[in-house]
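Two complexes come next, and they have one chain in common, chain A, joined by chain B in the first and chain C in the second.
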Partner chain A sequence: MKQQLGKLGLREYISIAILMVGAKATEDTPIHLFSKVQNASWMIPILSAGIFFIPLFLLLKTMTLFQDKDLFSVIQKLLGKYLGFMVCLLIFLISSYAISFDTRSYANIIRTFYFTTTPNLIIYALLMVVCTYGARKGIQHIGSVAYLVIYLSVFSLWFALVLCTQKSTFQAIFPIWGPGKLEILKQSSQKLTLFADFFLFTMLIPFLTSIKQYKKGTWFAFVYVSLQISVAILIYICLFDVGMDGLAYPFHTAIRFISIGSFLPNVEIIFFVTWLMSAFIRFTAFLYLNSLMFGHLFKIKDFEYVIPSLATIYLLIGSIPEAAVNASTEFKALSLNISGPAFAAISIILWLAALLKGEFKREKNRNSM
Partner chain B sequence: MKKTGTVCNLLMFLFIVCLLTGCWDKEELEDKAYVIGLGIDHSNHKGQIKVTLLLANPEVGSMQGGGGSTEKPREIITFDANDFIAAKGTANAIISRNISYELLKIIVVSEEYAKGSGFLTTVSDVQKDKEIRLDGHLAVSKENASEFFLKNRPKMETRPHKYFQYMINHGIENGLIPDSTLFRFFNTTYRETELYLAMYVSAEKNKHPKVQREDEYMAGQVNATGELDDTQFMGAAVFRNGVMIGKLNGQETRIVNILDDTTNIKDILIDLPDPFSNKKKQISARILKTKSNKVKMNVKSARLKIDITVPLKIEIMSNPSMVDFAEKKNQHIVKRQIINHLKKVNEKFFKKTQTKLKGVPYPLSMYARRYFGTIQEYKKFNWRKSYVNADIRVHPNIQIIDYGKQTKSLKR
Partner chain C sequence: MKKRIVKTLFKKFNTEPQFQEQSNTKDIERKKQDISSNYDQNIQTFKSMFSVPKNTDIKVREFTIRALNRRAFIIFISTMVDVQRIQESIVEPLLENELTTGKIRDIVSFPIESTATIIGEITEFITGGMTALFIDGDNQCHLFETTNIPGRSIEKSDNEVIVKGAKEAFNERVIDNIALLRKKIKNENLIVESQVISKRSRNDVFLVYQKDLANDELLQTIIDKLTSLDTDRILDLSILEQYLEERPWSLFPTILYTERPDRAASFIEEGHIVILMSNSPSCLILPATFWSLMHSPEDHYLRVPYGNFIRLLRLLAFIVAVFSSSFYIAITNYHVGMIPPDLLMAFAGTRERVPFPSIIEIFMMELAFELIREAGLRVPSPIGPTIGIVGALILGQAAVQANIISPIVIIVIALSGLSSFIISDLSMNFAVRITRLLLILSAGFLGVYGLTAFCMAILFYLVSIKSFGTPYFAPMTPHFFSSKDLIVRHLPIKERFRPGYLKPKDMVKQRKE
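Let's turn to the complex of A and B:
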């Protein structure tokens, strides 16, 4: 690793976390939830957060043992050279898969609602070029830009949601349990992927001033984001009711529907611009994380140089699905079901490994000495 | 060295300006023809529909203080097409500009076509189209939609988009037409529990209109003379599962609008029978609704029981019997009269929906949902069937906040 490492502030880290995870409320994730549990889908983010809290807590506890080490170093230390490498590779592959189809779904949204005649590949390529440019600048720059954008993006999201409430009926959330309590629990354990990014953020620990700061930021962002996603879905349900089943992107359908009084109809462009900015940050940070992992896996010191090539590969993978529908229902649904539980399992395995190896005891001894 | 860097940066910004054109999606206002109204009629050719496009000229009225172009503010074309999406292409054989549905305000369907089964499939294309916004309104016209647009010649508001915007907004505020957005149409049709109301319009005046009590009219029945346009927006067409099954007059539509919390009514002027005279005199009053209804249901009993409390604020506007409203006794009489009247009118209306329309024309079923734990239980309950046999009570909760500017009247 480089010697003069610029540090990432706490508020910058929180901004990145909120933009990356909170953005899930504004794409097609709410629809994936709604198709399974209908009007109870607003509970899923909160319940998933509750379930994901356990592995995340254990992971952070394990990470504290190795002050200022990132996730991959810890994995390789705990699981040995070969097994550790395999696990790291698995994490890298899963997140590569996720970023490919997430970016594709964003390109789809832009094409569906705003640039209807521009070829998808052009929009997609532009998105990737911007993200590559940002990621090449390094995590400090991403952090500062995220902090610049965060207020605007959070404010505009809540503003749009408040405008939505004018046209919505609260009764739509009843019957309160939707398809039944068991189904809700089953789905919320599967949809842990909502918070999978928090697992990947442990790669950023060396960039923060201390692990204490890191923990503080993580918990704050974790609670806020789960509330934000849940409230957003709740408001979509109140607005669209059962009609939500046929939609593809509820946030964008909603902002095309709302207006600010009767003088300002068609206000979606205001929300679109801020949404686009937060989307850039989201994928810039995601791309940077992925290249960080790649650099770690294959011992590349100046991993910044692989970012353009990685972005190109993701662009090619993301272009595989023919239509927007395939990307969303086939490819993305898979990553939505797999990556969360996989990351949760890895966190628990790491904690068990640390426990069995007696790392916790050694830490205690070191403290008492 | 620093200078070169600044110049390079500036040049890069200049290059970025080129991107602002939007590449493939470059659009120019001059080159656009915006469809404001879309008419759908029955066609004589099998499997086709007759599409009418009302196009607004964006150049007219955009100039401040005159000096605008002398072009006509609108253009109307009618032709046969398979659906109204592909019709955009066909229309370009006639219209010189690029046709866009982005500012579509109103879809007008003829009553004849709305009663057929083809309507739902035709209008469903709205959801597939990327330009049409769901806040456009749906209207049913008495005559053919193509004739409606042709005959509609507003005298004062010649720009069609403004005309329809004002006409619809004020109609809804006065409660005479329902807030029939496309969004609501699809929501209601998906939900399958209640009826959808579309506004009823006509540009053809009845030859011999009957004089009726205030607002018991349909569009085309209001007897107005003078220098005016004959277009009228009044009443509602009732849809069940996307097929038109009946009509409501202006007064009934207003009852629905007052009952429905999801419609934004401002304040409504109505007539009430005067309790102090026996000569069928009427008091005019202004109704304000600031709070939501309270609905209680008993879903466990054999017959569904619904209790609706409607909180209303009322201002008395006229005093045909010249009574003194400063007296407590008279205030009580008026209040009781209004409560009884509203209760009677509302319950009569519910009876009509149960027997004739066999469904409720606003989302009342939403209130029933909270009594059920899961969707399966709610489906088993079968709202539609239960509603028809339900025992419905309306309790108006009246607050008279004003008796007019002057409480004492002239002595006769």
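Let's turn to the complex of A and C:
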């Protein structure tokens, strides 16, 4: 029954990366940014991309030393058996925490905007069931589906953003530095979490044809996604101005504002569908990554079988917060502030370990030989 | 692990029933033997094997060959041979020739002649329409290919109609079918390999491919699969299709079934493998992708803009056929705000006096539409037009007037029904119709969210389907090198590559100068 799986193609990988990270512009992340730095929050994605570039660059450099090895193997090789295991476990726990409350916040969005009378559990469970089914199919197939929906999803996002500009005022971005330059810098170093997924993507290196391909895809997606999130937030600010503070999910409020001509006043369903598609891809890939990590941690070869159990656990953890507000402001804010800096620190530690162990020199010698 | 336990339990409780069967080991043993040189023994053997006086169309004719002055008999099935030719070119020369060369080949004027000695083999040839000649004292049997099986002549394609391009279709005679392919591909590398696949009926299939294109590994998998079939009969290609498929329960087809030789030829030229079978007016093309099931040969016969126009039209029809009813359910039940107010008023006005919920309405009409469709197909052609009138009149007009169905539902169903006819592949057509019903249920369950969730699940399923190792959406994703003949097609001059997922031996159709 087990089918021979091929490699993950470059375009499939880029699609997953864009859908997974780019989706952050369409949930409650912009609000978390806005609450701290107000109308300068559109700068945060670009600045934190700039900051995250350094650890990511170092991480990829370290990963290149170990051709076609995934993140966890490299960590265990560089940091030793016990310390390595602890670090891997930490990464797994952080990302498990993140997926639990990210999925919950998506279920909340669906409920608050479109299915106000449906029990949250039903919406949440359906989300997890589909993601589980997809994740069981393997990363190659997730990539294929991601590639099939990426054009539609990206196009409709930009279309919605363009429609938003009709009703927005550009002056809303002033004062341009918002609460002050120092605060922006502080926040952008804290909100590295925007790009934390790129750290996790290094788990996928063995699935790609070569690390060169992987790097190419990563940098492309990295640049594109930081621009996309930044532009999206800029447009929300222009559309809502200070009103952003009272919103929970700006993208969904925005698509309620817009209309195509005067005949179609409410087009949010069209954008809702494409947004949902990318949401499914996002959590399917995230779930797969988590189970990949789990399998690696506890030496489970056929880790696909643990996906349903993991999904159930995440569903239960995600159901802990009673209200949608709690999930977003308390639980999710924590992961938003922690995971990015933590992953960046781990990347730098890995690079340092490799440097101190002389792996780079060894590589040079190997090349010169 | 769990699966294994369930399987063993299942086996325990579901044992093969025991029957009182008659053993035929004696027959099987006899078939393995050689024929003897004794005339009487031979005639005895074959008469008993073919139950001669009882089996009316088995003819045995005894005579003396004048040239050799020996007794001989021929045996053939009169309904499957050309009796006139046997008389003229086999029996008459044998009776009248006086030369004493001693060689049958020199006496008989029949063009194709071969010899065999094993009883089983000879029996197979005779049942295939050959004439066997046994001579007293000779320990081998002479076989003449006198087959003449009645059948249809080559006719126009009925099920895959196109306006521009070749019209002829395969028929039930496999010899004709092979000839149709041969006349399109005049190349010595076109191989027609035959293989017997079933034990009792001994149906044979023909694998047709280009030796210098088709991937050997793919060919070997198909041949292995064919040899591994352990069954007593496979009467038709469409049954063989079900034996070959990886997932026989899947809603979506993974083998392309066509009755058009031009289509088969174009696939052979790309490195695909075609399976023909006697008595089946069609061929199987493997492997098949989603795109090949969606395309029609006419896309390529028409000029590029027109071909792309109908291709986009077909894509639109596919989307409409799959989603229109379920989208209607989702919008009217869950997302009423999306409809512009004027339109909403119109909808509500027509639904005012209809007592059913809209999902029941849609299901009733879907069922009615499927009934009309099936009835129209099965009804004898003289009364065919009546069905259309009755269907249109009763279901359209009367149902609306009786306030059972709202007119808007009729529009939705008619639109999706009409669109589903545009997908010409029969299996794909069924897949679309059944998927539509499932989507209606999911839309009724949770509106657009349910619909999208179910669609994503279907997409995940579809990308994981494989047809003989080829992913369903190849070469789009996963990416393979190809001439990009997917959603739109390009100029024939630009289509320079064979599809990469087949790993053909020769990738480039025409090299750049």
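Things to note:
The rule is short, and it goes like this: the second predicted complex is superposed on the first by the 364 of 369 C-alpha atoms of A that agree within 3 Å, B and C clash if a C-alpha of one lies under 4 Å from a C-alpha of the other, contacts with A are read in each partner's own complex, and residues count from 1 in each chain.
The criterion applied here is as follows: a residue touches a chain if its C-beta (ideal position, glycine included) is under 8 Å from a C-beta of that chain, and two chains touch if they have at least 3 such contacts.
Given the structure is predicted, the values throughout are model-derived calculations rather than measurements.
Overlay on chain A: chain B and chain C clash in the combined arrangement. Looking at the shared chain after the overlay, A:Ala172 reaches chain B, while chain C stays out of its contact range.
Contact with chain B, but none with chain C, is seen for A:Pro119 once the two complexes are overlaid on the shared chain. Between chain B and chain C, the partner in contact with more residues of chain A is C. In the overlay built on the shared chain, the residue A:Leu148 is in contact with chain C alone; chain B does not reach it. By the touch criterion stated above, A:Leu127 is placed in contact with chain C alone, chain B being left untouched. By the document's definition of touching, of the two partners only chain C reaches A:Phe280; chain B does not.
In the superposition on chain A, A:Asn266 makes contact with both chain B and chain C.
When the shared chain is aligned, chain B comes close enough to touch A:Asp241, but chain C does not. Contacts of A:Ser35 after superposition: neither chain B nor chain C is touched. In the overlay built on the shared chain, the residue A:Glu12 is in contact with chain C alone; chain B does not reach it. When the two complexes are superposed via chain A, 437-445 is the only one of 59-67, 275-283 or 437-445 in chain C with C-alpha atoms clashing against chain B.
Where the contact sets of chain A with chain B and with chain C meet, they give residues 114-115, 118, 122, 265-266. By the touch criterion stated above, chain C contacts chain A in their complex at residues 331, 334-335, 337-338, 340, 446-453, 455-457, 459-461, 463-464, 466, 469, 471, 473, 476-479. Every residue of chain A that touches chain B in the complex is listed here, in rising order: 38-39, 112-119, 122, 167, 169, 171-172, 174-180, 240-243, 245-246, 253, 256-257, 259, 262, 265-266. On the side of chain A, the complex with chain C involves touching residues 3-4, 6-7, 9-12, 110, 114-115, 118, 122-123, 126-127, 129-130, 133-134, 137-138, 140-145, 147-149, 263-269, 272-273, 276-277, 280-281, 284. In the complex of the two chains, the chain B residues touching chain A come out as 22-25, 127, 130-131, 133-135, 165, 169, 183, 186-187, 190-191, 261-262, 363, 366-367, 369-370, 372-378.
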